[in-house]
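Given below, in the form of structure tokens, are the structures.
In the two complexes below, chain A is the common chain; its partner is chain B in one and chain C in the other.
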Partner chain A sequence: MNAPLLELRNLTIRYRGGERQVTAVHDVSFALAPGGALAIVGESGSGKSSIAGAILDFLGPAAEITGSILFEGENLSALTPVRRRGILGRRIGAVFQDPFTSLNPALRVGRQIAEPMVHHLGLPLAPALRRAEIALQEMGIERVTEVARAFPHQLSGGMKQRALIAAALACQPPLLILDEPTTALDVTVESQILRLLSRLRRDKGTSLLFISHNLGVVRRLCDDVAVMYASQLVEFGDVRRVLERPAHPYSKGLLASRPPLAAATRGSRLAAIAGQLPTSADPDAGCVFAPRCPFHEPPCSAGSQFLTVAADGHRVRCWKADASGHWPRQQVAADLAPSFRRGDALVNVTRLSKTFDSTRGLTSWQLSLSRGRPVLYRNEKRLAAVNDVTFSISPGEVLGLVGESGCGKSTLGRLLLQLLRQSNGSVEFDGADLAHLPAGALSPFRKQAQIVFQNVGSSLNPRLSVGEALERPLSLFKLAKPDARAKRVDALLDMVRLPAYYRKRFPHQLSGGERQRVAIARALATEPRFIVCDEPVSALDVSVQATIVNLLADLRDAFGLSYLFISHDLAVVAQLSDRIAVMYRGRICEIGTAAEVLAPPHHPYTEMLLASATDDEPVSEPAAVTAPASAGSGCVFATRCQHKLGAVCDEMPPPLKTLTASHAIACHLELAPGAWMPGFTDADGERRQSGARDYQPGPAP
Partner chain B sequence: MTDLATIPFGRWRRLPTPLVVGGVLVITLLAVAGLAQWIAPYPYDQMHVRDRFAPPGLRYLAGTDEYGRDVFSRLLFGSQLSLALGVTATLISMGIGVPLGLIAGYRRGLTDELIMRTLDVMMAFPPIMLVLLILAVTPPSLVKTSVAIGVLAVPPIARVTRSVTLDLMSGEFIEAARARGERLRYILMRELLPNIWPVLMVEASLRVVFAVLLGAVLSFLGFGVQPPAADWGLMIANGRAFVDTAPWISLAPGLAMSLTVIGISLLGDGLRGVLDPKLDGR
Partner chain C sequence: MTGYVVQRLGAVLIILVAMSILVFLATHALPSNAAALILGQYSTPGMQAALEHKLGFDQPLHLQYWHWASQMLQGDMGLSFEMERPVAPMLWDALSRSAVLALSSMAVVSTVGLALGVIAAVWRGRWPDHAASVFTYLGISLPEFYWGLVFILVFGSLLHLLPSSGFVSLSGGVGPFLAHLIMPVATLTLTLLAHVARLTRSSMVEALESMYVRVARARGLPERRVILRHALRNALIPSITVLAQDFGFLIGGIVAVETVFAYPGLGRMLVTALERQDLPVMQAAILVLTAVYCVANLTADLLYAVANPRIRYGGAID
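Up next, the complex of A and B:
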């Protein structure tokens, strides 16, 4: 075997902060072969990004790094800063999570790709810019000259990430470090970026160090995977071996808590890992995972756990890895039939539209010169965020709403709650037309319809304690007498499974999952019948996501709640929803029960979403990812559609075809089941999914 | 991850140095202003004709001026005027500026444009000219000086408030409050204002400093406090003529003013660090 390209030997990273010292990475060793691809997987706080930071030397003076980082045989941490800078960018490229902030907004994209070539290779600017265009072309971007001359804000997220990868690869480094490069992107874009990366690896022999919390992504791209938990390496081995037969209980839990891409019954719950990541684990005092481990036995806490190495190089830090069985599924309630009745809709949306109109306000007036004379004109910009949407939600029913970012799903959620007023159409709640109510008369409706947000960082007022935040709805709607409020707050905290003493805490003292629980409790405080869940789990780690999804399912069943569950993740939506609506550019293109939407026939866009989520059959999408919606009256998806029939798609609005009583698709195509989708043949809803090959948690007890 | 149990105490246990220094200076200043009547060795306007231009010494701690008045006593009494001016002016500008900024940032659109463009017009005038104009055409008084200086500082306060409000408006907790049907007053006062407070503390301390300085400038020019009142600006102006023979007459009030300015600035900065929960542990 060749000498490894990158090797970590007993890497330990500690952060000194005042009197306290936090160990972010504890004694981690692994090697990455030239041309190989290694993934580091773990939840936030597990130390995976600190490893990238140590290699790239941006942890700052507060970090104390021991052990060695060998790159091409040289110990990076022993090098002088000048020599190190020579290696970074030249021999090691890096791409980070957020393409939206990683590019300098004031410089043209081409210039930013050319910069490392000028700096490291000593090229003059002009040839470097030409090479930047070639690099962009290699990233699968068309119209490279235009893109190279564009400023970052003119590009979509996927384009920016491609440009960043091009910049990282500008000097053709043998190693590319990617820190959650696709987390901020849509699934369809993510799958394109992943395909790009695996092509680069194949064609250029670039090694990848890929940091992610998403196991599905890792499987598509990497050879080896290192699973990290609370600063320790708990499992290391071949990616297929680890994902199909995980040995460490944490790996098992992580895999089991991933929702399968299949319609779920009302009684089903995701497997979840109880508890949360310890804030300061001491590896010498026993296994760090023991408090959350279902296979826990007294010897686990007796002393530190060691990595055992199997013959095939597979390493596990668990003494009873061979003996422990499947990760137990969450206790499943009796398989409840949906408790709602059709016909008497709770929320009734009819031909709802919302157009954002930037022609209001003084700033829309612009001054320019026309034939030498000043002209004052109005810059008219209209965006139809929600366009002619019709659906209904029955009491106790969960409607999932899926679509990429910018498709108008959040706008739709806010329209239902009248946080935004519609431009057209109507929203009825419990028989009352909200459109014609003045804002002051909405109070009874506000009590019954609540919202849970995505951004756990800003959904709670940082100045209010948990108790104050939960008491406010009680006093506002006079739901409890002042002396009974504290008791009610305790009950609410109990509903979201938080201990009562959390009442005194402030948001910054809570973890992401805990904040989301408080936000859910705040929504529950008014005793609503309907909750809009706007991407409530997409900012959370997989295992936390599973517990929140389970919590929402429990609350749904306990109180007969209706949700509009908005997410970009089809698997999460399928887990919770009775019906699913798929939205694209302001229009609903498919709606049906969860099983119907996940099984063929699909709308071409649903098909693309499903394929991106599984990536079994690489979708060769027309490259015009950023193509604007067709200006005409035709189908909004026509520019990206693989099954486009021709002019009819551009010119005629697609008819809404009703397949069954509950299933409708807006498309010009003939919708015979299985007619145009080779491969998607299973009709029973258990569609061929990548998860089926992976680790499956044990049967329900 | 932070150790949760230690936060409430850890925040106060080790106070930042600027807060301590600023606090000591400001408390001293307040004490001096409050107790001037009792601790001043002489009344501020008592003339010691035989001791004109006496250098600093045991009898006159900071020397005497051209009329033989004790500079130290005048300093003590002058602090009352400076502080009163600074605090009143700042209260006035905060009282007008903060609500305007909050409403502009919350409502956006036409309201925002109307408020902010009007304030822009105000900012277009050179501040000293504006105050001088007001004071020149009417007889000078302390109240009027405070109001003039206070109104001048409304645009910057409103702008700061508005920018922080705009930033906070992207927070989903505001949307959650609207989804509960909260009234405007509650959202502005209970959800937004507490989060703007730390920034306003710093801004307010800066405004007090500016007001004190501007007040001194006005007195120096003869438009502020009228003689024989003891005012630092006035004292500097009077001492100007004797700078080469009796520098203490101008130097002492100048020094006092510097300490005041430094103290208030440090206090504002230090308070923000302690009050903002998000800055904790950084």
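Up next, the complex of A and C:
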């Protein structure tokens, strides 16, 4: 092997904060060959981003770094600050997680790409700006001149991230560090960015250091993977080897807790990693993973675990690595997982629409200077967030709602609970039209229909303890006498599997998963029959996500609850939902049972979502990278559709075609069951079983 | 952005009209009788009535207002009761002297204030930051006339370095002109400096900790460039607004400072007119000050829009 491009030797990073000292990275070593691609995978708090911080030198004086970082044979920490800064941008490019804040809002996009060329390569501004446009073109952006002259707020998230990659690669650095570059983006955009990155790697030979919490993403891009847990490297090796035959129990758990992209039965549960990341693990006191490891035995805690190196370079920090079996899978006996009966709908939504007027009156007049000459035009933004939507939810049924950000799915959830008033159409709950409820009937309805939000951080009052937060709805709806409330709070905590002493804790003392449990308990306090779950697991790490999804399934079965389960993640939705509705720009384009939606025939948009979630050789890239301008009367998906038939799609609203009693697709295409599945077939004509090549957890006990 | 400008202009017009009505009514509600004031204490009620008729004071109020306002608009501000000369030329003279004071103060505040804020932010937690915060604390905690008196005492009476009152025009020589300006300007700027420096520091700290600054550093740009081009450009946006708002504050300060330093500007003119109940001068001075205030705010809004691309360039590219 030639000399590595980047090599970490015994890298340890500690943060001093007052008296407490936190070890973020403990004794990590690995090497990245020129042209190679290495992924660092771990959950939040594992230390993976601190490694990027140490290489890019932004950890600040509070971080104490020992060990060495060798880049192109030079020890980075031995360089003067000025020389070190000189390497950044020129020899090492970096792209970060959040494209929305990573671009300077006050500078034109083209300038920001040109800047490193001016500084590092000494180019005059004009040629640098021209090169910036070429770079944008390489990133798959059309109308580059316009984009280069734009300010960041005028670009979509995907375009911003492309522009940032262009800027990071402006001086053709041999190494590109990517810190969760697609986490903030929609799946279809994520898939496009990943494809772009692998093309860049192939064409330019750029090495990648890819940091992510998502093992699925890593497979598409990298050769090697380093799995981190609680500041330690626990497994290192070839990506395929690690993903297909993980050796360390943590890697196994991480893989097993990822929901497969397949319909689940009512009894199935995700494999989950119990417990949570230790806040300060002492690596000398035995295996750091021991408290959560199902294969744990007394020798594990006897002393620190060492990385053992196999002949093929595979490294594992577990003495039982080869002996331990499959990660145990949880399952609920079928009779404990009652099915629901389709009967009278609990929630009945008919032709529901919601239009927002974002600008009115004087402010709707806009002067555009961006297109060369000043143009005065009236910019009336009437946004149909929800557009003519009809469906029903039976008692005890879970309806999944998938779609990208901005498709109107959260608005729909709020309309169902009447947190927003619809512009048109009706919502019936238990047979009563919510728009015409008699005064005084709204409170009983609020009791029966609850919501759990994604961002629990802001939906829990930081000044209320968990116990107080749970007592609020009890007293508000007069559900329990003051002396009975404490008992009820204990019961609620028990339902979400939190110990009773958590009642004294405050939100900032809870982990993300625990906060979400409290939010669920609060929703359960009024003994509802229907809960809108608005992206309840999107902000959580994959192992925590699995425990929350399982909890929601258990509660559904125990209390016969109905959910509207909103998520951008088709796999998570499939895990919990009886039926799935796919939403695009305010419209439901496909609805059916989970199995029907996941199997062909698909609506072209569903097909794109599925392809984005699974692909390595995906369907062709859609022409428009950004959200297209409003479609007239035709199909809302027409601007991105790969199967567009022509004018008919632009001009005629697509008809709703019923394939089975439960399955409907809104599209002009001819849809014969099973016959039409463009772009989603293997060479031998078999549909890919998503996740089939992945590690499969063991059989149910 | 045009919509934005039109909106702002509309708001300014409404404020001006409202203020003029207020000024008009307030001066009419004053206890003394204008005719009696003009004619002196030996006038008879008959003489007063005749004068009132001549001045139009016996007409309905809205007609009087209309008459007054249209004269004002044509630049005819009436006669000063006290001096018995036209108000307009006196007023313009005083205004131009006040403008010299205000503009030089603004120039000092915007350069020194911004620089102090930036320095404090870049070296935050170290001695330049602490020094700046002591300075701003002193500036904010005491009113400007206090500092004015201290300056007069120290530099005027004790050290005899600077003249402690009056004004010399440029034709009287650059040296004396500047010498008469230094103390009033220093007094006026002290409070505002503190205000601007504090705000700039906090928006600068926020910008320096932002993601785009981290990205700019990761592109290998030198720290100078990161600070001046990436961080400052964004931190300036709120500072610009505050600077222009401070201009309004400055107008209040000018009234106090001109009195303390016997500086013959609009502020002192207003105070004198109030003392002597010189109605036309009062009306004109208040209206002019209101107009200046409105224009300053309008400029602030426009500058903000120019500095902030989100307002200048609305639409998304699609």
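Simple rule for what comes next: the second predicted complex is superposed on the first by the 648 of 701 C-alpha atoms of A that agree within 3 Å, B and C clash if a C-alpha of one lies under 4 Å from a C-alpha of the other, contacts with A are read in each partner's own complex, and residues count from 1 in each chain.
We take it that contacts are C-beta pairs under 8 Å (C-beta built on N, C-alpha and C of every residue); 3 or more make two chains touch, one makes a residue touch a chain.
Computed from a prediction, not measured in an experiment: that's the story for all the values here.
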_First (chain B), second (chain C), both or neither touched by A:Ser538_ = neither
_With both complexes superposed on chain A, which partner does A:Leu419 reach: first (chain B), second (chain C), both or neither?_
first
_For A:Pro462 in the superposed arrangement: first (chain B), second (chain C), both or neither?_
first
*asked:* Counting residues of chain A touched by each partner, does chain B or chain C come out ahead?
replied: C
*Check the residue A:Asn214 against both partner chains and state whether it touches chain B (first), chain C (second), both, or neither.*
neither
*asked:* Under the stated touch criterion, which partner chain does A:His508 make contact with: chain B (first), chain C (second), both, or neither?
replied: first
*With the two complexes superposed on chain A, say which partner A:Ser198 touches: chain B (first), chain C (second), both, or neither.*
neither
*Of the two partner chains, chain B (first) and chain C (second), which one does A:Phe453 touch, if any: first, second, both, or neither?*
first
*Residues of chain A contacting chain B in one complex and chain C in the other*: 362-363
*Could you please specify the touching residues of chain A with respect to chain C in the complex?*
56-58, 82, 85-90, 93-94, 96, 98, 101-107, 115-116, 119-120, 143, 146-147, 150-151, 153-156, 159, 164, 167-168, 170, 362-370, 376, 379, 624, 626-629
*Which residues of chain B touch chain A in the complex?*
1-4, 7, 10, 109-110, 113, 170-173, 175-176, 178-182, 191, 194-195, 277-278, 280-281
*Please name which positions on chain A make contact with chain B in the complex.*
17-18, 20, 22, 45, 277, 279-280, 360-363, 414, 417, 419, 442-443, 446-447, 449-451, 453-455, 458-464, 472-473, 476, 505-506, 508-509, 511, 519, 522-523, 526
*Touching residues on chain C, where the partner in the complex is chain A*: 1-4, 6-7, 210-212, 214-223, 225, 229-230, 233-234, 237, 307-310, 312-318
